[in-house]
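The following pair of complexes shares a single chain, chain A, combined with chain B in the former and chain C in the latter.
Our next item is the complex of A and B:
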């Protein structure tokens, strides 16, 4: 009975209901869209980082610290015996990292040189292009690196480095590939060379800084001078960045929730004030205060339910469209700190949608109930006269 | 046993630091089928007395037994049940629910009683027939004249065929023609359904129709006269 009456009151309120339901539906869609964007960002970033950089995990030389460039001098060692069979089977991939300077078009830039086996199959990067068969040193760079240094395919660059004995040397190389990766940690400020050429250049025979293992290689343990870093450890940076971005998202979430709280609370307060005579009439006709409170609470809550319906009508196509076609990101987003594609594909999980609906509904119910409690102190005779509280 | 029995009823309202006594030593009884009125000038306590009879308020002293129930001892739930099952109310300002249609307004008391849809429809249409408003069932109060609104209020009050209808200044906002129309309807209902009507009024048009007039002045009954059949 109360549901029927509440529905009638809501429909009868026309514009007030339209506005409330409109704000609520917009809130549902915005929250789901915004949260979906971050879920998509995290999923995409982790997928690309795993695919292009970390695969099933990495062994790091005990002295290697990716946040300390100086550690590269000592952060390398002989490939451990235990991993040689895996390397032979292309299930592990040694990478040697050194510091260098890149001279290109009259400019100089500090870079990291990464030596990698051109025939590797573990990482999804086009290293095969490093197997050019030419005498000149083949060099592969990422798209960010290429854009920042105006490098094009076929450009000549001069690389200056120090070998194992600290002696400076230099060589001319040719850009043979500009890889299209979304992972800035294998792109920005880095150049890729064939592993054996780099080993020869630096005099670090059979040496590596890190050894990437394939996804099928599991349960790896530390080896004498090498520490195994699993995916969780290696993705920590990505998840930390997403976490920090999620803080902004949480603020947005709270602002939207506050907006609907305000809308519903205001409506309820105004409604109780405007309809005090009606409240008295309802009591005179035989409704208890509790039932009147319930009626007003259900009215407010119904706004939330209608909001779900309206949001489903216009939100579903919008959300499906953005999930399928993605959202184009500006170029500046490359500086965001982790792997982002040109288009961001939001991910809307069932949990996200159900959770959002439940949180919004709970909020709406609470803010509908709070002002309605005033009715409990209302005398029917006073309400009939239009007085309140 | 009378339908309503008031014994030594006093009603005090706190005003400032003291009390204002709105009703003083009221002793009255109303029998089933009466068409009575509590009459008196503004501020004489008519509405207060009607509210106590309607279990919307309780006496400060004394006893008010309505339909066998002592109003002063009823819980809020019991009072609400008494009103919903046995009483109908008609107000000066109609007090219709503005967003509901005529049908929905009249249907309301039956929804509270949780009647079946079919029974509700039958009773609502019968009530609207009584007040000659079957052609307006889908109109909203804002689309009706004052007289029509009050007829809807009458239909709402009688739709459940209550034992007692309490009408507080029902014609105060109506012109003479509409007033007589409403009063004729109520007289007919009283005759045919044996519904008891108690009015609170100072309108001469209503007073002329009453079969019993209880005169209230400054909260006291000064005269209780039964009018012979006209």
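Our next item is the complex of A and C:
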């Protein structure tokens, strides 16, 4: 009976209800869509990073620190015996990283040179082109690197580096492949060469900086000079970025929730004030104070439920459409140092939808209840006279 | 008798001249290199100079004052332009520190930063860090003589004897002034990387010193970077506190 009465009262409020329900439905859709974007961003970034960069994890030489370029001078060592069988079976992939200068079209740029086995199958990057069979040094770059330096297939570049003895050497190279990767950490400011050529160029025979292991390899542990970094460790940057973005966007959610709280609270206060004679009548007819409070709380909460319905009507097609077609990203996003595609596909999980609905409903229920508490101190005689005590 | 004395004197003079020219020609590469080094060597020096950077977008001039003690300590302050005025650099052995008023932070230039160009010039920080005493790192061979402008030069071929940035160099050393009027710097594989040319010299006390020179990274486009020495004083007293990190902020 209470529910029916509350529903009637709500519908009777007309424009006020329309506004409240509208704001609520918008809140549901916006929060779910925005959170879905971050979930999609995380899923896509981790998938691409695993596929193109980290596979099943990496061994790092003890002196290697990717955040300290100074560590690259000393951050290399002989491939450990324990990993040689895996490398032979193509289940592990040594990569040597050195610093160099790249000269192209008369300009100079500091770059990282990465030596990789052209025949590798562990990472999903087109290294096969590095096995060109030509005398000229084959060079592979990523699309960001190519765009920034106006590099095209077949372009000649000069690479200048210091060998193991600190002496400069320089060689001409040819761009044989521009890889289409979304992972800027293997693209921006980097060039890829055949591993053995790089080892010969630098005098670092049988040396590597990192060793990537295949996804099927399990149970890896630290070796003497090499520390194993698992996927969780290597993906920490991605999850940290997504986490920080989620936190930043929480401000927007708080503003939306605050608007809802304000709207529902005001509606409730106004309702109680305007309907004091009705409250008195209900109480005089035998309805307990608790039931009257419950009636007003249900009325407020029903806003949230109606909001879910409205949000479902217009939000579902919008959310499904964006999940299927993706949202185009500006080109500048590529340079954020985060693995993002040209289009981002939001992911809406059941947990995300349920969680959002529960949070909003809880907020609505609380702000519906709080003004209704005043009814508990109300005397039916005074209420009938239109007084609020 | 007089004729005999005159003859003997003339003979001695001719013999002396011939002997001097033979002696000059017989200077070894090592000896020439030592004389080149000696020309540059000083206990201390204070110089004021300009670095004229010729780039795609025009020419920029940076005026600096440098205090140097031997080969291991140097302190440079940018005097002009206004945008870079007050920037200071300190070299202590193989370490380089930099401070700029805009950031008010002392930064150690190391690793990949050393490979970067100094204020957009053709000179990298690591060039600045090179040991300027060539005889410490190279063995020299005289491979002939050539003229640079009007000046007759020894053509010296230098090969590294220890780990150093440039594996080999070619020097055109003025036969009289022992200044390398031109220098080509090569990579281990033989590729020409940089050139250095002295266009004007001046005399400071007893020694000849470059006045205008051009440093060019040949792999890069452009006309190179011109260095102009406005004034230089050798063997002057420099307080030790100049070569400290504290003086970067002063």
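Simple rule for what comes next: the second predicted complex is superposed on the first by the 389 of 389 C-alpha atoms of A that agree within 3 Å, B and C clash if a C-alpha of one lies under 4 Å from a C-alpha of the other, contacts with A are read in each partner's own complex, and residues count from 1 in each chain.
Here is the rule we go by: contacts are C-beta pairs under 8 Å (C-beta built on N, C-alpha and C of every residue); 3 or more make two chains touch, one makes a residue touch a chain.
A quick note: this is a predicted structure, and the numbers were derived from the prediction, not measured.
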{"item": "Combined model on chain A: chain C and chain B, fit or clash", "value": "fit"}
{"item": "Partner chain(s) touched by A:158 [first = chain B, second = chain C, both, neither]", "value": "second"}
{"item": "Chain B versus chain C as contact partner of A:72, first or second or both or neither", "value": "second"}
{"item": "Touching partner for A:170 - first (chain B), second (chain C), both, neither", "value": "second"}
{"item": "Touching partner for A:101 - first (chain B), second (chain C), both, neither", "value": "second"}
{"item": "Chain B versus chain C as contact partner of A:285, first or second or both or neither", "value": "first"}
{"item": "Which superposed partner A:277 touches (first chain B, second chain C, both, neither)", "value": "first"}
{"item": "Spatial angle chain C-chain A-chain B, Cα centroids [nearest 10 degrees]", "value": "140"}
{"item": "Overlay on chain A, chain C to chain B nearest C-alpha distance, Å", "value": "69"}
{"item": "Chain B/chain C common contact set on chain A", "value": "none"}
{"item": "Complex contacts: residues of chain A adjacent to chain C", "value": "69-70, 72-73, 99, 101, 103, 105-108, 110, 158, 160, 162-163, 165-171"}
{"item": "Chain A contact footprint on chain C (complex, rising order)", "value": "110-112, 115-117, 160, 163-167, 187-189, 191, 193, 217, 219-222"}
{"item": "Touching residues (chain side chain A, partner chain B) in the complex", "value": "1, 4-5, 8-9, 11-13, 277-278, 280-281, 283-289, 379-381, 384"}
{"item": "Interfacial residue positions of chain B with respect to chain A in the complex", "value": "51, 54, 56-57, 76-77, 80-81, 83-85, 87, 89, 91, 93, 95, 97-100, 104, 108-109, 111-114, 156"}
